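Multiple structures follow.
You will see two complexes here that share chain A, one where it goes with chain B and one where it goes with chain C.
Presenting the complex of A and B:
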């Protein structure tokens, strides 16, 4: 593991927030099974209230809002990581059944199940004899 | 050499957060020199109030049973294992960026802490450890006899 891998990557492409916070790219694992794609994103500090999954056309955007990460009444004396929001987008292929996407959040990890769409069956058109 | 020696930071404790940001950036710059960075996972932030320390760290998706925290004198050790989803044969990872596997980190604290009174909380993937200073280790006020 190199040093670069250990640090959070800032998402410089994300739209700037009104709140003055940095936006980071959550790290993701994606794997494929016969029926679905699974996307697992590390977003420490978010819960089901503060995470958002949006699908517009075929762009899937995951974002999370994180409270400032301060410990009340304490002062920071040593720091190795920064706290900020998360945002990342992926382009989905048409194979995904968009209505059946499932999302869960547990201990700062967002888990998405993206089921593959059943192949559109060719419709047979009956021709009536005139 | 560039490990977390928080006493070196203590002189900055009352200063503006920007100084701490600068310190972090400088540490980042030098940390690739000489020592393996793998031992620096997970990254920690250390907070202080009077005679109490709080260590926070981001450990997303862990099972609390898989996190081990121990304190020996003035050294805090955090270790554990994060597991990946078991995938079946024929299934493939298209992308694998998350930190998985074993980790262990020793953090040198600025004073001895009361190991009995250490508390840890794990919420939303963030581990927060509260470490009160050991009473015997508190600075003693010396009375001057006239």
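Presenting the complex of A and C:
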């Protein structure tokens, strides 16, 4: 494993914060099933109180606030990660039923279920013998 | 397997995630990784794309504090072993397998078994180690051995 794989990617596009912390892009998996799109984001350190999911028009933004990891009186022996907030945006198509989006957080992983709107679900058309 | 290492570091560091070329590159990498992972050719934990936690180690006079980012790992899947001079964190990040009909668009997260050994300087009191796991962050505290044996006893020197 190269060193880079262990590091988080900083989100350089995030709006500047009042809190003096770095913002990282959470790593995500996005997959589609026939009924919904799923978005799973690794955001270690966040819980249901500190994570935010916002949908404005068709921009979905997930963000998470992580408490500063700095501890008094300790010196660093070695460090592979930095503590910071998370933010990442995605553009959704109209296919998503925006009222039915479900979000859960567990062990630092945000899981979003974005159900597809009824009108775009594939339909099988029955063919009648004439 | 290490295709991405051939590319210059600087280029990858900047906006890796949203640049179309790099997302294509990442796609290719994960394709290769997944292909090889199935055959178990690469030693686990060494291959890119296999999950390996990031670790921070801090210390003060009294104790070591180790933090590891383990998002999505369950408590029961983590195993922490402390010896007199090192800590081993072992576990597995399991991939969800309930749906078979998944069509992936992004695959940046990684899964798999991991094992990391953290050597610590000086003697530690393994029996007094404590570990907590919350919101995907493992927090281990291990007191340092405060006994004279570990610290060394100062011998006064007399003038002859």
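Going forward, the second predicted complex is superposed on the first by the 112 of 130 C-alpha atoms of A that agree within 3 Å, B and C clash if a C-alpha of one lies under 4 Å from a C-alpha of the other, contacts with A are read in each partner's own complex, and residues count from 1 in each chain.
Keep this in mind: a residue touches a chain if its C-beta (ideal position, glycine included) is under 8 Å from a C-beta of that chain, and two chains touch if they have at least 3 such contacts.
The structure displayed is predicted, hence computed values, not measured ones.
J.: With both complexes superposed on chain A, which partner does A:12 reach: first (chain B), second (chain C), both or neither?
T.: A:12 sits against chain C, while chain B stays out of touch.
J.: Thinking of the overlay built on chain A, is A:128 touched by chain B (first), by chain C (second), by both, or by neither?
T.: In the superposition, A:128 contacts neither chain B nor chain C.
J.: Is A:75 in contact with chain B, with chain C, with both, or with neither (first, second, both, neither)?
T.: Touch partners of A:75: chain B and chain C.
J.: For A:107, is the partner it touches chain B (first), chain C (second), both, or none of the two (neither)?
T.: Touch partners of A:107: chain B and chain C.
J.: In the overlaid three-chain picture, which partner chain does A:32 touch, first (chain B) or second (chain C), both, or neither?
T.: both
J.: Between chain B (first) and chain C (second), which, if any, makes contact with A:47: first, second, both or neither?
T.: Both partners, chain B and chain C.
J.: Just to be sure I read the superposition right, which of the two partners does A:20 touch: chain B = first, chain C = second, or both, or neither?
T.: In the superposition, A:20 touches no partner, neither chain B nor chain C.
J.: What part of chain A is shared between its chain B contacts and its chain C contacts?
T.: Touching chain B in the first complex and chain C in the second, residues 1-2, 6-7, 27-34, 40, 42-47, 69, 71, 73-81, 106-109 of chain A appear in both lists.
J.: Please output the residues of chain A touching chain B within their complex, sorted ascending.
T.: Result: residues 1-3, 6-7, 27-34, 37-38, 40, 42-47, 69, 71, 73-82, 106-109 of chain A touch chain B.
J.: In the complex, go through chain C and note every residue touching chain A.
T.: Counting only chain C, the residues touching chain A are 2, 4-5, 9, 12-18, 45-50, 52, 54-60, 64-65, 67, 69-74, 99, 101-109, 133-137.
J.: Report the residues of chain A in contact with chain C in the complex, numbered from low to high.
T.: 1-2, 4-9, 12-13, 25, 27-34, 40, 42-47, 69, 71, 73-81, 105-109
J.: Which of the residues in chain B end up touching chain A in this complex?
T.: Residues in contact with chain A: 4, 6, 9-10, 12-14, 17, 20-21, 23-24, 27-28, 31-32, 37-38, 40-41, 43-49, 52, 54, 56-62, 84-85, 87-88, 90-99, 122-126, 128.
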